[in-house]
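So that you can tell them apart, the chains are marked A, B, C and D in the order they are listed, and the count of residues begins at 1 in each.
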Amino acid sequence: MSGSLLSDMLARISETGRALIGGDEPAPLIERAEALLRADGEATGTARARAILDDYAALDRDGRAAFLAQMAERFATDTAALDAAIAAYQDAPGPDTARALHIVSEPRSQELLRLMNRAPGGTEALVRMREDLLAAMRADPGLAGLDGDFRHLFSSWFNRGFLELRRVDWQTPAAILEKIIQYEAVHAIQDWSDLRRRVGAPDRQLYGFFHPALSDEPLIFVEVALTAEIPGAIGPILAGERATLDPANATTAVFYSISNCQIGLRGISFGSFLIKQVVEELRRDFPRLSTFVTLSPVPGFAAWLAGAGVDVDTLGRGRVVPVAAIGAGLEGGAGIPGDGVELPDRARVQAARAEALSALAAHYLTAVKRPDGGPMNPVARFHLGNGARLERINPDADASPRGQAESHGVMVNYLYALDDIERNHEAYAARFEIAQSSAVRRLARNAPLPA
Amino acid sequence: MSGSLLSDMLARISETGRALIGGDEPAPLIERAEALLRADGEATGTARARAILDDYAALDRDGRAAFLAQMAERFATDTAALDAAIAAYQDAPGPDTARALHIVSEPRSQELLRLMNRAPGGTEALVRMREDLLAAMRADPGLAGLDGDFRHLFSSWFNRGFLELRRVDWQTPAAILEKIIQYEAVHAIQDWSDLRRRVGAPDRQLYGFFHPALSDEPLIFVEVALTAEIPGAIGPILAGERATLDPANATTAVFYSISNCQIGLRGISFGSFLIKQVVEELRRDFPRLSTFVTLSPVPGFAAWLAGAGVDVDTLGRGRVVPVAAIGAGLEGGAGIPGDGVELPDRARVQAARAEALSALAAHYLTAVKRPDGGPMNPVARFHLGNGARLERINPDADASPRGQAESHGVMVNYLYALDDIERNHEAYAARFEIAQSSAVRRLARNAPLPA
Amino acid sequence: MSGSLLSDMLARISETGRALIGGDEPAPLIERAEALLRADGEATGTARARAILDDYAALDRDGRAAFLAQMAERFATDTAALDAAIAAYQDAPGPDTARALHIVSEPRSQELLRLMNRAPGGTEALVRMREDLLAAMRADPGLAGLDGDFRHLFSSWFNRGFLELRRVDWQTPAAILEKIIQYEAVHAIQDWSDLRRRVGAPDRQLYGFFHPALSDEPLIFVEVALTAEIPGAIGPILAGERATLDPANATTAVFYSISNCQIGLRGISFGSFLIKQVVEELRRDFPRLSTFVTLSPVPGFAAWLAGAGVDVDTLGRGRVVPVAAIGAGLEGGAGIPGDGVELPDRARVQAARAEALSALAAHYLTAVKRPDGGPMNPVARFHLGNGARLERINPDADASPRGQAESHGVMVNYLYALDDIERNHEAYAARFEIAQSSAVRRLARNAPLPA
Amino acid sequence: MSGSLLSDMLARISETGRALIGGDEPAPLIERAEALLRADGEATGTARARAILDDYAALDRDGRAAFLAQMAERFATDTAALDAAIAAYQDAPGPDTARALHIVSEPRSQELLRLMNRAPGGTEALVRMREDLLAAMRADPGLAGLDGDFRHLFSSWFNRGFLELRRVDWQTPAAILEKIIQYEAVHAIQDWSDLRRRVGAPDRQLYGFFHPALSDEPLIFVEVALTAEIPGAIGPILAGERATLDPANATTAVFYSISNCQIGLRGISFGSFLIKQVVEELRRDFPRLSTFVTLSPVPGFAAWLAGAGVDVDTLGRGRVVPVAAIGAGLEGGAGIPGDGVELPDRARVQAARAEALSALAAHYLTAVKRPDGGPMNPVARFHLGNGARLERINPDADASPRGQAESHGVMVNYLYALDDIERNHEAYAARFEIAQSSAVRRLARNAPLPA
């Protein structure tokens, strides 16, 4: 509601401003940006900013990249002023001269971004502009400085205190729901029926962060299933036909999908806040919930296996895995012939393969590191950094082509144990210590790595 | 609505965060601020920030001033890092080293403010904190640097694009209406009946800017009367008993009171945006409106007259003012005896005094300047800077004690002529040129200044 | 929100309809009502109905009474048709001929009311019209039949399923809050500060029923105090300065004022639904609440005492009340001299008087009956009929002039014990059995009635 | 919003009520209805009513029909009381005895329906129950009396004054939008993309009536296209790819689909109110609109043609239609060979066939009547009864299988000329006079009817 009032209002002020200006503005875009930066007429400034943003949006890809490059070059720090400020600081070092130096050294592009942000719809236009910038940076790393300006301002504008948590359900306007379909990045939403299953069922919830200046655009959202136990596979959660659980009886909340929605906000972190706040919402609404856990993908696992020389096709074959370790998943797991058997039966091979994959995944997630000492796997970094614990490895958890390609179907559960979050987080932050269950630890020790 | 969801949510996350921390934190506040700045645990950071803000709010005036002074001193720029960055820049001057210098030279207090802004209710707490800071600065001018940090961040957080225009009327929640009563700074609202007359009558409107993070707190508001002509006095507008005009027949919108609400946002300018946007709202809702004008006080006029040696008590006496110039206000204005009359009759004296006061006010507003060349009168600076024109001087326009004390009852109309706003603004911005009606210009020429 | 949309819409259709009609309608109102009843043009019917309601509202008191009398006379049952229907029924008695008889016997006034209810704002206008009717009935009892038509239709239109329970608090629009001030019928609200104490404090709640067609008009509301014990006096609850209780720690919800708002809805009962539903709301929001009780006035008690010949001024004097029965209220209650004391000391007299008044009130509420067997006291009838129990008599509970005049300051608590409500209700409904605590029963037995 | 509060509230009171009752109620449903009717315990009454409605809903089709038959039989008028009331009336005929007779003759089923309507969700359950009743009436016409009770009460509960007009667009909750998809009865909505084209495009609008007690259920809705001219075919309006018109430039509003949503409300008329009010909404939002017109199907036309012995396959062949009458639709319409041509060319045949179909449709709509004198075609009855004029016949207007089967592709425009609506309506109501354009009148005269 307030969102639409806001946008109405913004639209109106823009029209006004434009009406006030009148005439055409045929000057090159970068010159108009310069004029905007020099002028101080507030109402016309808003309209001019909007006009610049519109005309920018009408450019093609190369035109935009060119404008961004001009922006980076032309609106850098004013070095003459900077040199003077350095001299003044060195003359009389102290907080005031340092602060003066700080002010003078600000790249002019920051003020330009602030002025453009005043336009109606300006915030959204700048998020889109940074999307272009990130793309252009791949060809022109010199744009990194300008990207730093965006990131600095976005951190301030999209700070936690300005975000609004909203539950998205079947009463949500279609305009927002279609964005959810579009932005779901982990387990694609097939159509409106699939969406309805995810937001309309009593044992399913979806929460997102929104920003007042981007009212119909989610920034990030998380999908939650309320269940009676920690799930070991994604299929049953997404199934079209399934028994519904009365949420009042649920004990477990499963975060089975987290999607960042705005490429232009890359590097501005919302996920940690989101999970913790959704935990609070859920605890309040469903007091019986006691377990908060993810069902997470393991992107990069298959690639790492390949790089490590593990032949996944033969995993579980030709190597006897102790049956005792295989667990309940194995049908007819008993009755392994003691000798003379060249080829294990199918079920036994499958179980052995699952066991081996699990062990390798445990190893990958806990022992394969980046140069900085953190785990190689980005999802692990996110949840472990948030204070979660790596709880369980689930082979055969994701039958989708993507799940097979990325991780041979392995998914994992990270557990958010409320009493341990802070300790886990600190141990990870200080020493990259990885919180893990004893089952995971045991598995990792048995990983069948090639010599 | 979204406001209250937001605040609910913020309250919840705070409780969470606090629950996660547990225990007491007996360390001094400034040490805890230091710890907040060093830590990076997000959820606990939010709760720690909230705890710091709460404990700050519980301090007395001296305790707060002391904390602010510590903040200014302790969280200045890291000079060792700055010196290194200067060296690097001087080694290789360029945009990147300049930007690095900018980042390093940022006073640490800015980041601390950003972290505190993440707390639930953080934005409002920081606005209150700056209120304290502005008070403390009077005794300790050394706090000006820290104030600059607040102002810099507030400009970014309270930028035009994030503000929401709301009409306030008799359907508005009482929680907001009582703030309107409290904040009205020009013509005090006596009680709820007076308020109802100002927001509930069909020919009265009140609009304010709100910020999503301060949901029940107006930032600035303007009161509007819809009338059939430009009014010359405030009394009839505020009268308890008066005939109501069908707003569909109104031709004139009178901005008769503008109040900034938040001391802590001093220097962050909203008024210009507000007036222009309210003009748009009114034009849309009442297409017959063609005149947009203020009825404004002239604070400082009486003080200036006193300083200039004008004896207001004898104005209009003993000095023959050309009757022709007096205008229609004078009853029986004709028939002035040509000679031998020592003392004019009462009506003539009043008219002459009104004429003289008007002329002096015209002079004061258009010719009495600050060192920078702008008019001395702050209300004139605001409206002329916005592109309005000084249209008319109204003697005997404000019978209230305050109106008498400040300006001997003189009020003025500034006219927002939509076609001229931009030109007026630019002429003022470039050369402090003052847009004025020919009547005002004529009056100013005749101002009976003491030799 | 939906309310204002609805009323906007209604206003619009009315204008349309009126525009469609054009011209004047100088015919007498009753003729226009006749025409409305005969016509079947839907859109114009709506506009015609609105015009009739407006012109009715513009009549003075006598004019309205005359119109209502005409309505009662002119729009009675069509007797010719009725006679035919009777003949048909008697020819062939059965459900169909009975139903036909029912339809034909409907007074035409009912259909007229239905048609007027279609107009924008029609429902509210009809509620006001019945207010006039109730006043006119005092002089003209012959209007009772027409009143029956109103009551019949209002019962259907204001049925429980169409009512909306809303919490009224300090976020409620002022337009509704001023109605609360106006309608409070038990303990008058002095001003907006008093109102704020009743709706804005954390341990105070106010709930009302609203109807979609009367959006800003409460139908009935109840005020609730959350406390730590059953209160014995109204003063502390309404006090301007008092300690606030954290509602999370409250154990007791006290319904201390219930006001019907619409005279025109007299006889349409909402109170029983309201209390029971508010109990549910409170239990959900404050799970620690275990006691739901009223603090109720005893109107009629003083009048009954006077009629019964009880001299209240001498109550407690000259008659020795057993000290043991007086209770803790008496300071120094022990040590009453055995003999020679002509006049008890002041405290003892007061205690004895309080005891005697309490006993008389217990007797009045439980033993003084109407011809139908129900208690004489209307408040008792309401709460006992709802299934509550008369729990406690509180002398010196209401120091207000009204409380003194009506009941010499006595107030009582009715307890809503959830497990007993149904049983109490049924015993009362079947046999006027009065649920009461043993303390009340004991008191009633000791009532010092004149011989 | 208010809707969902209402339903929440209703759900809660139901739970309460049920909790208050406790235990099972194994008595037959009809006995429980009898008990409900006899009891007067309000809160338990609500819960009992809800329980009856739930258990009714759980019955199969036969069980429901049986219950309805029992209801019709058992809850008829109390004939003993009726006989007494008749005697009293005949003793002393007059308005009061007639009114008493009316009250006594009411079938008890009406009061039962009122009591069930008090239950949470009661109104919706009763609408569903009437749906069952209408189905059961086909086998058991004796249920017509009970149906009359439903219709009588629904007319009162769903009166115009209680309905809410809402615009449905892409910001509308999905829960309502999916109902729109489900209920569209004229031009089926294929999927969410099709829906989005109909509610999300700037030149498309959809309005519906809603009732507060059925908050997410539209009662009736109309789809509107804003265009530059009166359209002659439905295809371009529904096309997936089409140019969008700026609605500010539209001159014509086309009502191209009207759907009643609730079978259980059959006979309760909303359409006339809806169209007239939507006209008002549109005029306010788009002041340039000057033409309000439908694009309507002609159901029954094909069946009537078949019955009338018209061989549609040979229409336009073997019979020379005056070229002048064919109009612009015919390409190369000139140059008809004068002689020797056995078979006209394809275009000519098509044009002739279109002309003949149009003429027959004009005849069908204006001259083919029901016994009561109104037109046979139900859509014509609806719009002509509303005061519209039959403006234009469009052959080849609906290529869908249904359009072909129902009317060989003919559609028509009814024009709502605001100045004529009332006159048209009255002429139709009084004399079934059919407002029509001269073009339609001319066509009808030339209808090639078989001898």
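Methods note: a contact is a pair of C-beta atoms (placed from the backbone, for glycine too) under 8 Å apart; a residue touches a chain by one contact, two chains touch by 3 or more.
Treat the numbers as computed from the prediction; the structure is a model and nothing was measured.
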{"item": "Neighbouring chains shared between chain A and chain D, ordered by label", "value": "none"}
{"item": "Rounded Å distance between chain A and chain B, as computed from the means of their C-alpha atoms", "value": "41"}
{"item": "Chain centre separation (chain A, chain C; CA means) in Å", "value": "57"}
{"item": "Graph class of chain-chain contacts, one of line, ring, star, complete, other", "value": "ring"}
{"item": "In the complex, chain A residues that touch chain D", "value": "4, 170-175, 177-178, 191-192, 196, 200"}
{"item": "Touching residues (chain side chain D, partner chain C) in the complex", "value": "1-3, 5-6, 9-10, 12-13, 15-16, 20-21, 40-44, 46, 72-73, 76-77, 79, 82, 86, 89-90, 93, 95-96, 98-99, 101-103, 105-107, 114, 117-120, 122-123, 145, 148, 153, 155-157, 159-162, 164-166, 212-213, 269, 272-273, 276-277, 279-281, 284, 386, 418, 421-422, 425-426, 429"}
